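Both complexes below contain chain A, partnered by chain B and then by chain C.
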Partner chain A sequence: MNTALEHYRSLPQPKRSQHLWRYSAWRRMHPTGKVEEVPQAESATVLLTNLDGSEVDSVIELRPARDAERRRLGGTLAEDNVAASYCRAICGQESLLLSIPESYVGDQPLAIDIIASGHVSGLHLLFDIGANAEVELAISIRGEAGWFGLLREGNIGENAKLSEFVHNRLDHTSTLVRCDGIELERYGRLQTATLSLGAEISKSDLRYSLAGMGTDLGVFIAVHGQGKRHDDHHIEIDHKVGNNRSQVEMHAACDDNSRSIGTGRLLIHESAQGADAGQVFRNLLLSDKAKADVIPELEVLADDVSANHGAASAPLDPEQVFYLQSRGLDTKQSRDIIVEGFLMDAFRDFKSPALIDRLRTLLIVHLDCDLI
Partner chain B sequence: MTAELLKIIDLEVSVDGVAILKGLSLRIKTGEVHAIMGRNGSGKSTLAFALMGHPAYEITKGSVIYRGKPLDELNVFERARAGMFLSFQYPQAIPGVQVGKFLRKSVQAVRGSAAGSAREFRTELDLAMVSLGVDRSFLSRYVNDGFSGGEKKRLEILQMLLLHPQLAILDETDSGLDIDALRIVAGGINEVAKTAGCLVITHYQRLLDYVKPDFVHIMLDGRLVKSGGAELALEVEEHGYEWIEVEVA
Partner chain C sequence: MGKDEARDAVGDYRYGFHDPENAVIRFDKGISEQVVRDISALKNEPEWMTEIRIKAYHHYVKRPMPDWGNMGLLNSIDFDAVTYFLKSSSGTAKNWDDVPEDIKNTFDRLGIPDAEQKWLGGVTAQYESEAVYHSIREDLEDQGVLFYDMDSGLREHEDMVREYFCSVIPYSDNKFSALNTAVWSGGSFIYVPKGVHVELPVQAYFRINSENMGQFERTLIIADEDSSIQYVEGCTAPTFSTDSLHSAVVELIAMKGATIRYTTIQNWSTNVYNLVTKRAVANENATIEWIDGNIGSKLTMKYPSVILKGEGAHAEVISVAYSGEGQHQDAGSKVIHLAANTTSNVLSKSISKNGGRSSYRGLVKVSPKAHNCKINVVCDALLLDEDSRSDTYPTMEIANSSCRVEHEASVSKVSGDQLFYLMSRGHSEAEAMGMIINGFFEPFTRELPMEYAVELNRLLEIEMEGAIG
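For the complex of A and B:
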């Protein structure tokens, strides 16, 4: 038995009274519902190219991680994190490492295509973004796996910058469990966007540690809920030292019987003076039966900080609809363009024109396909 | 003989059960510019919204005939597709929707096959933007999101130029404009007025220095109480509305 499996089985099962599992019980997220079970998982197929499909620069590596690398980069999530522990257990000793060398500056975005298949599938993906490197990355998750677990851990090196998006377009019958644990070193910058469109049930536990001073983090999430989709995002940001900035902007458009959950936990340690942090959650409710729950939480232990949070849920604005209709768009066209705009607006501060263009295209294709 | 475009007969309109328009009649022909002036709260914007079909504005009496057909048979987008255009006093922001995409969708919806190819649209758009002094960076911004008052009004006029309306209703398009912007916006209105009927709602004479009305109507308490030529606007500018109230009392 591998140690990760032993560790998972040694953990107490989370209670629904816990903030993280309040809306998406671990039993519900587990592949079989029997939480002690750790079924054999198929490895996901992972392809790395440039965003235009060409081969990547030879200095960029996506390869199995060595034990030492796994130990160095793979410990960013707390040991008692059940979902992360489970993902580690099903992936066994297999981890992939995306390694960007120091001072590398990409001239075009990279693309990682993850294809998940089989009853249960998993991927442990490690990042190592070298000091002073700058890279853009588009990650697509697709396939028809019944259950897919994605564990991403890693490190943004000193003065390095990673701009990335994760596009979830798993099959509409799939379940997705995603855990991120990423640490930013001094002056490290991370912009991470999520376009969550696929999987019937999805739980994302995204944690970022601002470990060095002068770091800058932007977390941008757009969720489109349709049918019975259940999409739960928990974002936890830990300001450990001073003069860091973080921003969370999550927009969820919920239709039919879908439900979106956004919970945020912002922790500013006593040692993190000068922190600037904000969380905004917005929900657009498109049907009477759609639901959206938001809990932004702040825990501020320092006294010289700027920290704010906000949440709003509303149906379609009839004045916006009237304005668009007065320009000839029918009721459905007006609604669609408002939804598209609302979701794209989550990425307003995501400063990567190439990735924004791709996100917009992906969203338009998704919304247009709904019309067929 | 010029065709009658719009015929409003004894129109009464309520909002939340409160009567705002109380028996208003007006006829507009293609090529005519009608200006409506009046105090705040006299019902000018209510007329604009009611004509465009805003659901909060209930027609309780009277009728509106547009191009020979009852207007109440058309919902909002059908009115737009039939050639009606409302320039809003306070245009709505649509965050996340780029102006360029919005204009293209709108033109396609209103003009249908007459909208032309993407290349033809771009050419027409470029010309219209140049005429209004609008920078190309406008197109990638979100609709009215973070726009200044003047930028919003220019976008309204840009839309009007591209949609080729047959009836343009301009609700206080001059508010918030500096004198240079006012001249530019007035140029757009005059361009449209060559082929359309225009209903210009305004508080002030200054827009009418650049857009010459064929008729000026004074609205008081939900009714058009006095009509005349362009000189009536000058009289109002000089003497206010009190003398008209006395006259119609």
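For the complex of A and C:
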């Protein structure tokens, strides 16, 4: 029995009083519902190319991680994190490492294509972004796995910059459990966008540690709920030292019987004077049976900070629909264009034109509308 | 005791004095089924009330402590060290002259009889477990307004109490509502008949005098159709080295078109655990207003709630909290929209200083049938030093697509620009800070009766002494 498995089984089951598990109980997220079970998982297929499909620069590596690398990069999520611990257990000792060397500056975005198949599938992906490197990355998650666990851990080196998006387009019957634990070193910058469109049940636990001063983090999330989709995002940002900035912008458009959940936790430590942190959650409710739940938490222990959050829920604005219809669009086109605008607005501060273009295309294809 | 000694004993808390204890009846410390039965027997209560108390007691014993909030402080409460019933007077007087001298002196020092003459429609003064004084203006009595201490209310209007008691907050709601239901004593019972508007506020004043005392008052207010009432409560306690417990339950019922405004100035000493459950039901076009000020106590956990049950009902919650050294104000509000065209406004403001901790914990819930409702929640927090802490935990659960919800919160320190501006106009730094703080709390103080607003500003001035440098 591997130690990760033993560790998972030793953890107490999370309580519903924790906001992280309030709306998506771990039992419901688990592949079998019997939380003590850890079934055999298939490894996901992972392909690395440039975004245009060409081969990547030879200095960039995507390879199995060595033990020392796993120890160095794989401990960013707390030991008592049940979902992360479960993902570690099903992945065993297999981890992939994306290594970007120091001072590397990419001239075009990279693309990682993750294909999950089988009853249960898992992937432990480690990042090591070297100091002063700058890289853009598009990650796509697809496939027909019944259950897919994605654990991403890593480090953004000093003065390094990573701009990435994760596009979830798993099969509409799948369950996705995603755990991110990323640490930013001094002056490290991370822009991370998520376009969540696939999987019937999706639970993302995204945690960022601003461990060095001068770090800059942007977390941008767009969710489109259709059918019975249940999409739960938890974003936790830990301002450990001073003069850091973080921003969370989550937009969810919920249709049919879908439900979106956004819980945020901004923790500003006593030592993080000068922090500037904000989180905004917006929901657009498109049907009578759609639901949206939001818990944006702030815990502030330093006084010289600017910390704020906002949340809003509203229906489609009939005036906007009327305006578009008066320009010749039918009801569906009008509605789609508003949804597209609302979801893309989550990415307005995401400063990567190439990735934004790709995100917009993906969203339009998903909405199946004639907006181009 | 000289002035200086008194000051040393109570610090800046001006209500920290206490009288020698002259109990008429005092129960042994700790709680058991027998204690619950004895309280009920002593009050000669009907059987149904005794049964509810016993059920509530067993629920209290079974129910675990909350596993959220400040669990460190919650778990440090020694429930076996608490005195659950202490009677200081042989009865409830209708005239201050009939109140025992030492107790009357206490309320004189708190300014209650004076306030009653000037601007109140009725007063209940509770000392330890029971009301020692109770009065209502004759004109209100003539209009059919019922205003009793809760024990008398149960005796005189049993049917009405039976109908509404535990109807808004069942004993099984939480551990502390169960505890209150088991050992409740005192509080207010008010019924306002149809169409009657009680122009002057009625007031209840709660005073704990003894060490390790538990006060468990129970308040029930029913405003019949198209009526209105404003109820004001204040609370203080002496400063002891050991802790006391205050765990009240307040139920409000506003019938069609009625308005209830419930104002609290909580100024317990910093050795009191204040764990209170307050909830209101607003029927069609009714309005509930919770105006809630939390200045004192060691730990407050209080989330005044409104269930908007009837179409067009409205909720207004304005709360302020001040947390000083060793204090944790865990306050907030809950608004549950069950009907269409309901609206709610929540405004919460807090200041933390000298290592104090303020938490806003709120819930906005919109049910699938609550079409076209509008909700606005604003939380602002000021941190005055690097040792203090501020948290916000707002929860929004929206299950109707036609409603509009807005929430915003911010945490910051006092703006250097504002201080600089005021100081450039000739104010000292301390004066400038005082003006900014008063301005910060102004949305709350402007809703208070004038006398309370003046008193609150005075209290804040005392608390803010030394905030600069």
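List of remarks:
Just so it is clear, the second predicted complex is superposed on the first by the 368 of 372 C-alpha atoms of A that agree within 3 Å, B and C clash if a C-alpha of one lies under 4 Å from a C-alpha of the other, contacts with A are read in each partner's own complex, and residues count from 1 in each chain.
What we mean here is this: a residue touches a chain if its C-beta (ideal position, glycine included) is under 8 Å from a C-beta of that chain, and two chains touch if they have at least 3 such contacts.
Since the structure is predicted, the reported quantities are computational estimates derived from the model, not experimental observations.
In the superposition on chain A, A:F322 makes contact with chain B only, not with chain C.
When the two structures are aligned on the shared chain, A:V305 is found in touch with chain C, with no touch to chain B. Of the two partner chains placed by superposition, only chain B is touched by A:D345; chain C is not. Looking at the shared chain after the overlay, A:A290 reaches chain C, while chain B stays out of its contact range.
By the touch criterion defined above, A:Q333 reaches chain B but does not reach chain C.
For chain A, the partner with contacts to more residues, out of chain B and chain C, is C.
Look at A:A314: by the touch rule set out above, it reaches chain C but stays clear of chain B. In the superposition on chain A, none of the residues of chain A is touched both by chain B in one structure and by chain C in the other. For chain B in complex with chain A, the touching residues are 52, 54-55, 75-77, 79-81, 85-86, 88, 91-92, 94-97, 102, 105-106, 109-110, 142-143, 159, 163.
Chain contact summary for the complex, chain C toward chain A: residues 66-68, 368, 381, 383-413. Chain A contributes residues 15, 17, 19, 270, 273, 283, 285-315 to its touches with chain C in the complex. Chain A contributes residues 317-320, 322-331, 333-334, 337-338, 340-345, 348 to its touches with chain B in the complex.
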